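Think of it as A, B and C in the order they're written, each chain with its own count starting at 1.
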């Protein structure tokens, strides 16, 4: 009898796993192997939700922008699936001392205009990056960028900066040939970019599409584009992006709308790929605001929001709820899930904190610029109403988000942040003095935290650094400058025959490998 | 002569009954009631208005219309939720019913605004003609080069999107059209004898316009107002649909469509209900407008 | 007068005079257009000028600071008084310069010329759809006023004028793209196939409108005395309709079609949003949301020009058909 039960149970389990396997997306590999029969002359169409912003790399840190301009400009370092830096145009590098690095580029790197890239171009370009504010804080520790010889540059920092190679993967570190940068800067016309990347610029229709052609003289012939041309289509509506893949009008959707999850996961005509992510959806608060300047009110918000509800309506339940206040995705260096075990969904505790803060409730605004964020904001809005905070949701265009923040026009906002594995690459920018006017959107200022950030980068030993970052998370849990909601699973929807799909922790990437 | 005779009778109605003639109002009522589509339109519109007024009785705003019950998200229509549940877990019927309030209030008040401004300008232009007419109407011509939706878009962009601003924006957007309608109506009666008569006994212009001219050209104006209210309601929902009107979670048919469109493939009821709500409201006003035109302005009979 | 020295050829004389008068009429109307466009830009410029929000904050984004802002203001001429800014804008406009977009830093004219063709295609397709379906159905149902067909068209017409464009668009996508897979759901990459649904969505209202107008004016026309006279003289029914009733009945239809240009352009804003079409309509919505004043102005000026020009064309057609108006412009020419 027992055996029969066991058999039955086993059969049921098997059936369960079988059905589960049917309805599961494919896991995107970290690397794939090229087959002999593959067609490398396809025209690939990638759809995304938002348009790029500018061909000037120092202009913005917008994701949709970075993953387009990456293809046209080369960088010293590119990133792997965990967003760690790996050499691209950099042939070799070495740390001369704790504060000085040497980077040597390959010889004979050809630009799209036929010129050869030199150390002068790299120095000029990185100095532009340093002086721009798009990633100001990332280059905060950088003292000087100088040329050593025709192929080598030196970067000195004001202390140990272990994350420097990874910092160099940021889109603002795209190397723009000096001649082009100067000409474009003078005329303020960046519309016809020249770089040394895998693709040459063909054409762009603002708000609609960007067309790139394979650059056959790419310096690394072993790693050049596996498709003939790459077209980016901007389709703002989520379901239209899905339909575009289903009907074959496009090959690859990098902004998959999880609303369609159940539909496509069972559809054998398309392939849904997934990868864990470090994209943290969070509710930001302007810490200089009348009420949000009070840590108790910020804590109350952290208790009041039902994160599971946010995840369900925001990403159809595809993700992991998190109780962090410092955008440490669970896979980041030193991440703890719930620092001090402080938070849970507890409206009663939130009300107590509001009373403790002497806050009678108030009116405010939640700024959003994407559909998911707007849905999350509606959950947040309902939850906050319970503790007396009456929030209006205001939807804006993504292009004006930065300026809205700059004008203190976003007392609350819902958006996502793609965290690096190395917290040093986001902590100072997101919560430090250096990030003010940049991506310190919550306007959080605290000298103690600034010190902890410096402490975190002062060592090359990961275990020691993890300890420091634990302290940081606990410190910020009490301070509660923002309310992290969940980490979403990263998806990409593709034609079922499309090969070369790769996804990193913030977005599908390496579109140059897409082929049939 | 007849009027004098009429005094001998207790009331005007009695007189007419005696002589087999109906009062003007009764005549019109009969003509209107004979027009089947017009009556259907009126009944439909009255139903919508009553629903809007009774919305809180049908479903509580805080407790149902904006209450999110996550476990019931995207449920199709059922006995519990007649029109299903939306993507946030809110009852669609409650939102449709409360949405009617927004649409009707904004639509009607916006046309009120345009009637106030456009009507005044149009009446002045039509009554005085000459340079007044020229100045006002040339100015209106300029605005008429922009479709009303675009004009409303531009104005709402500068005012910001609140309910009051929407009313003003849409009202202003319909002002040029309204001034044309009123002007034409005023001009058609301006040279009638009774106006001349009033003028000859020394009545002031303001009094003439209000007491004699407007009263007599109210017919075509009412017809157009009905049709413009339909247009204004459409404009509200259009603006909300493209994100420049009423913002979530306030239920408005246009923003319900916009936020539901991503789910439309799997839960078609989410976009069906608000779409049909807009459709029936516009239809009722169009039917009513057509019926009124046939009644009040028989020359234009379609 | 051009042809007056050739009195024997009366026909030529008449036609050249007409053409000549027509030119003057068009010229006159075009000249009138200039102040209209000027006034319009003034209105739109004023609205946008007083729109709250600092354009330099939008441009600078992350790099915003008081200093950078005032520097940029000086560079863009935004520190000048209102009227100077307006005059500068109009001066640029006269040279075909629509200014630079605040967001993309690209010339607005360049974007307009890339996007306007898409809008134009949809509007033209919608007009063709409106006319090709609306007029014949209207005429046919008027010739058989009490038939089943006529009653059906009446009902369809009534329903048609009440359909919201954006909802119709969504329903068309659900039916023809999602369920049947016949037509693309977004964009303009598939030539004619891409235009069908947006044009139908935006044109449905006006098709119904044209149909109703044609039907009612046709019904009125066939009751006129001259039609009865012609019938009495033994002219066939078809010929009467074609030669006598139709030209007269079409007058109100032309007005409706022409006036629809403005409404169509308003509808295009919605249709382009629903179908993700890169046209001036969607550009307008996007740029309004991002407070990109030069782009908003550019879109509105282009659309207003379209409306003004289509009004002009309608007037010309009117003048060509209606002898009374013809007489009027002849008189103008004579003066």
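Here is the rule we use: contacts are C-beta pairs under 8 Å (C-beta built on N, C-alpha and C of every residue); 3 or more make two chains touch, one makes a residue touch a chain.
Just so it is clear, the structure is predicted and the values come from calculations on it, not from any experiment.
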item	value
Central chain (by mean CA position)	C
Label of the chain whose CA centroid is most distant from the centroid of subunit C	A
Winner on C-beta contact pairs when B-C is weighed against A-B	B-C
Centroid distance [mean C-alpha coordinates] between subunit C and subunit A, Å	44
Whole-Å separation of chain centres (CA-atom averages), subunit B against subunit C	25
Cα-centroid distance, subunit A relative to subunit B, in whole angstrom	49
Per-residue multi-chain contacts in subunit A, two or more chains	237
Residue numbers of subunit B (touch at least two other chains)	243, 261, 264-265
Of all residues in subunit C, the ones touching two or more other chains	178, 289, 291
In the complex, subunit A residues that touch subunit B	237-239, 257, 259-260, 262-263, 309, 312-313, 371, 374-375, 378-379, 381-382, 392-395
Subunit A - residues contacting subunit C, complex	53-54, 59-61, 132-134, 136, 188-191, 205-209, 233-237, 240, 243-244, 247, 249, 396-397, 399-400, 402-403, 406-407, 437-439
Touch list for subunit B against partner subunit C, complex	37, 139, 141-150, 153-155, 157-158, 160, 230, 234, 237-238, 241-244, 254, 257, 261, 264-265, 268, 271, 274-275, 278-280, 282-283, 286-287, 302
Touch list for subunit C against partner subunit A, complex	54, 57-65, 100, 103-106, 111, 114-115, 173, 177-178, 181, 184-187, 189-190, 276, 278, 282-283, 286, 289-292
Residues of subunit C defined as touching subunit B within the complex	36-37, 39-40, 43-44, 47-48, 50-52, 158-159, 161-167, 170-171, 174, 178, 212, 216, 262-267, 269-270, 273, 284-285, 288-289, 291, 296, 300, 303-304, 307-308, 311
